[in-house]
Amino acid sequence: MGVIMPLSEAVESMVHDGDTVAMEGFTHLIPFAAGHEIIRQGRRHLTLVRLTPDLIFDQMIGMGCADKLVFSWGGNPGVGSLHRFRDAVERGWPHPLEIEEHSHAGLTARYVAGASGLPFAVLRGYAGTGLPGQTGTIATVTCPFTGEELAAVPALNPDVGIVHAQQADREGNVQMWGITGVQKETILASSRSLVTVEEVVDRLELRPGGVIIPSWVVGAVAHAPGGSRPSYAAGYYPRDNDFYQAWDPISRERDTFSGWMRDHVLQAVPS
Amino acid sequence: MGVIMPLSEAVESMVHDGDTVAMEGFTHLIPFAAGHEIIRQGRRHLTLVRLTPDLIFDQMIGMGCADKLVFSWGGNPGVGSLHRFRDAVERGWPHPLEIEEHSHAGLTARYVAGASGLPFAVLRGYAGTGLPGQTGTIATVTCPFTGEELAAVPALNPDVGIVHAQQADREGNVQMWGITGVQKETILASSRSLVTVEEVVDRLELRPGGVIIPSWVVGAVAHAPGGSRPSYAAGYYPRDNDFYQAWDPISRERDTFSGWMRDHVLQAVPS
Amino acid sequence: MSAASGDMMAVAAARALSDGQSCFVGIGAPSTAANLARATHAPRLALIYESGCIGSKPTRLPLSIGDGELAETADAVVPVPEIFAYWLQPGRIDVGFLGAAQLDRFANLNSTVIGSYRVPTTRLPGAGGAPEIAGCCKQVLVMIRQSRRSFVSQLDFRTSVGFGDGPGDRARLGLRGGGPAMVITDLGVLVPDPDSCELVLTRIHPGVEPDDVRAATGWDLQVSADLSRTEAPTEEELAALRRLQQAEEVPVAGR
Amino acid sequence: MSAASGDMMAVAAARALSDGQSCFVGIGAPSTAANLARATHAPRLALIYESGCIGSKPTRLPLSIGDGELAETADAVVPVPEIFAYWLQPGRIDVGFLGAAQLDRFANLNSTVIGSYRVPTTRLPGAGGAPEIAGCCKQVLVMIRQSRRSFVSQLDFRTSVGFGDGPGDRARLGLRGGGPAMVITDLGVLVPDPDSCELVLTRIHPGVEPDDVRAATGWDLQVSADLSRTEAPTEEELAALRRLQQAEEVPVAGR
């Protein structure tokens, strides 16, 4: 529970080929370091789950880690397309990518049901859209009191849930603050959980907006300073908006993408 | 939206005979001042809703404000019985009290559904107990994905929701910290909401564990220092455990109860 | 689209917001318009971002809906499950802002795919918060650049619902929000006809003629009998817009 | 019940908890036992209170489950909806502690009413968290004073489920937790028979004879062939118990 170990070791022991891997962080605290380690270790046939695939899944998809993507918004925020995601969906490169598409509200509700030990969640959503016709994990349920029909989505319980946080103490208790997205739900819904952190402290001091996750529900903690760059870690470093913009030309062509990944990820020293 | 007004005025304008009134605060921040004002104004035929009726509802029931009680645990915490509640249920004094009884998890889920704009909530609860046989607002729903049967409870949307918090600013934004129970859900689920506060400050400073409720979802704010005594307000005053123990003999007999209420509530100056 | 027409679109959208309203904002044009409104006539406009930020008061235009400044300047930051369940879903939010790649005559929107879903010509980002914003907000404002590519007779995919297939459809679908109140483009403003629910051109921006708008619409566009002309951006509006656009990225506050 | 037998009950219950477990604690006897365990052999026992306190480390016995000290000493304080939905319901919690006014041979419990529900002789507080604690925790420990009034052949009301009407009932009801593992009384310890699910007396406290326990049971009590005797409270256990009971109320930390 909350064992502190090197990131490479944590990924090796917790992430296996074919796993369903959720990696969350809503714009903030995106676990890039963990994603890069998964790429370096050459994991294959993963089902990747994220509300916003963002650059991290664009990279993992382009490097061939994923057979399937579960998501709700697949763009480069404020910039445009995720070219590797598009190349996989439109042209099957490096290999075809199965997609399971939701809305933010629906995918979020799936995490909540997963964290709550319920088989499904109910929401006002999807009605009249094209999504139920394309996504098998959208159904309806009838209110036993009013007879009203609502949308239902199944619980999401990933094999592995990975998030990045600002701090952990030496017992593996975790604190994150700022925009916390669905990170707590990701940890609680997953069979195994890995939290990378900016720093390991002797004692966690609860901060304004701070969310503490007790060690006994955390699988492993890995010290990964800067582990959410080029996204940001409130209190540590800002979002590298320039890199998000630079990613557009880098990722547009397969060769430039592969070259960049070789130079900046594959040949990088594991943290 | 978050208009600051005297408590007496707020109760007069927001709480009407026959209303369903939820007053929350889980051991901490129980809105006693608001309850006493409702008693002084002689409201009748109320449906009172609280997970733990506690002393405040024992007093309101004994003073004849309530026709019905929706609750999940009706004791004096750590002490024993709520004698006025028992007298109403067992002997119909001052008049018969209809009860609608849930578990904490079920009643909490009803608040969550109410705050979420859903007609019902789903939980793992009640199965095999005597409650579904006595409480009409417990049903079942079948998971459309697994076929599993779960408990369902209808949304709770009170006419009025009343809570006590530590601070509000002059625009009526509210902050509470410590044990926050179901207070946010109570405000968001209710048609009208009233928040009594320990102090009104120029600017809210988010604190560790602080929950901010924006002015535009708050109906009215009333300045009521000490407004949750004899329960407590973290950072302001501790729980008056001696009074909780003293309440047992005070409330055991109808006469001593009525005398105490006359001397300490009816003749008290409205805050 | 010229810078001028982009400004006009932002200004027209900002003017559609009233002070004191709550507004669910996506990134890009909607964020520009909402922040312009805050900087001009609607200082008490409550901006809500799906990242969980409620009441954000950014001094610059964020690149993403989760930028640090949105959290640092917010009245409250809540988890993403809460923003959808407690804030958007119950219909507490007055105005929802949406953009899209395609729009049809009933203001249904497509931001999912061009071509077929399984074999797309162009895969777009997808739904994000759009289906529930379109369903739950008291009213929806759509911002979209107008052309025959975007104003189509038939969507390739329906990502969010405007008025569906016409009158009564929202009620049949159980959508409790009022639906699209206005569509703001770089050419003019369209509003749904109260009876037919079909979009009608009611205003044109300076320098634009009705035929320009018809030519940029993929169906036989209805034009209002009393068509009016949008007032040109004021100096104050343009100055506020420049300030927002030019403001520098500021680093996240230290620990 | 004598002070001595109350101490024995608390000590026996504390011994049933292992270090490192998570324990959902109600007020009264369970809180005493759980805190005694923390003060002796289980310093890393994680106490969870339904008020939302996770990992509380009180130095005194709280009067209520929401006392300030429980929040101040907690690893985390979460809203009440979260404690039930994210923590109790999924079965994350190892041990749930329950008390009751009545218990039957299958360890079903009544804390709701004596007499009929609609015309009660004695109205008790009711369910609180009991139904879901009994259903969801990996195992349940029951603490109850034993007498013919509390150990009854037929409950007046079933507030929470032990083994229902016998083998297989928990599975039929969809209860995912393991159910009662032990019933600790002031006279001894009972555990469910693995086949019949009926409670069997397996241990008696010092100075208690099997006939005393039979006499305090409202049904034909099964007694284990290898009945053992509870080891008397150690000096250390009694000293720790006194410290917890005598610790003063401390005021809530200042602002």
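Order of writing sets the labels: A, B, C and D. Residues in every chain begin at 1.
The rule is short, and it goes like this: a contact is a pair of C-beta atoms (placed from the backbone, for glycine too) under 8 Å apart; a residue touches a chain by one contact, two chains touch by 3 or more.
What you see is a predicted model, and the numbers here were worked out from it, not measured in a lab.
Taking A-C and A-D together, the chain pair joined by more C-beta contacts is A-C. Each chain gets one centre point, the mean of its Cα atoms, and the points for subunit A and subunit C are 27 Å apart. Taking the mean of the C-alpha atoms as each chain's centre, subunit A and subunit B sit 39 Å apart.
Centre-to-centre separation between subunit C and subunit D, using Cα means, comes to 56 Å.
Each of the following residues of subunit C touches two or more other chains: 85, 89, 136, 176. Counting partners per residue, subunit B has 112, 117-118, 123-124, 148, 150, 184-185, 209 as the residues that reach two or more other chains.
Contact between chains, as defined at the top, is found for A-B, A-C, A-D, B-C, B-D. Here subunit C touches subunit B in the complex through residues 20, 22, 46, 54-55, 75-76, 85-86, 89-92, 136, 176, going by the rule given at the top. Against subunit A, the residues of subunit C that register as touching in their complex are 27-28, 50-53, 62-68, 70-72, 77, 79-81, 84-85, 88-89, 112, 117, 120-132, 135-136, 157-161, 164, 169-170, 173-176, 249-255. Every residue of subunit B that touches subunit A in the complex is listed here, in rising order: 117-124, 137, 139-141, 143-146, 148, 150, 152, 154, 205-210. Contact residues of subunit B toward subunit C in the complex are 112, 115-118, 173, 184-185, 188, 211-214, 216-217.
Residues 26-28, 51-52, 71-75, 77-79, 81-82, 85-86, 89-90, 101-105, 108-109, 111-112, 123-131, 134, 148-150, 178-182, 184-185, 209, 232, 234-239, 241, 244 of subunit B are the ones touching subunit D in the complex.
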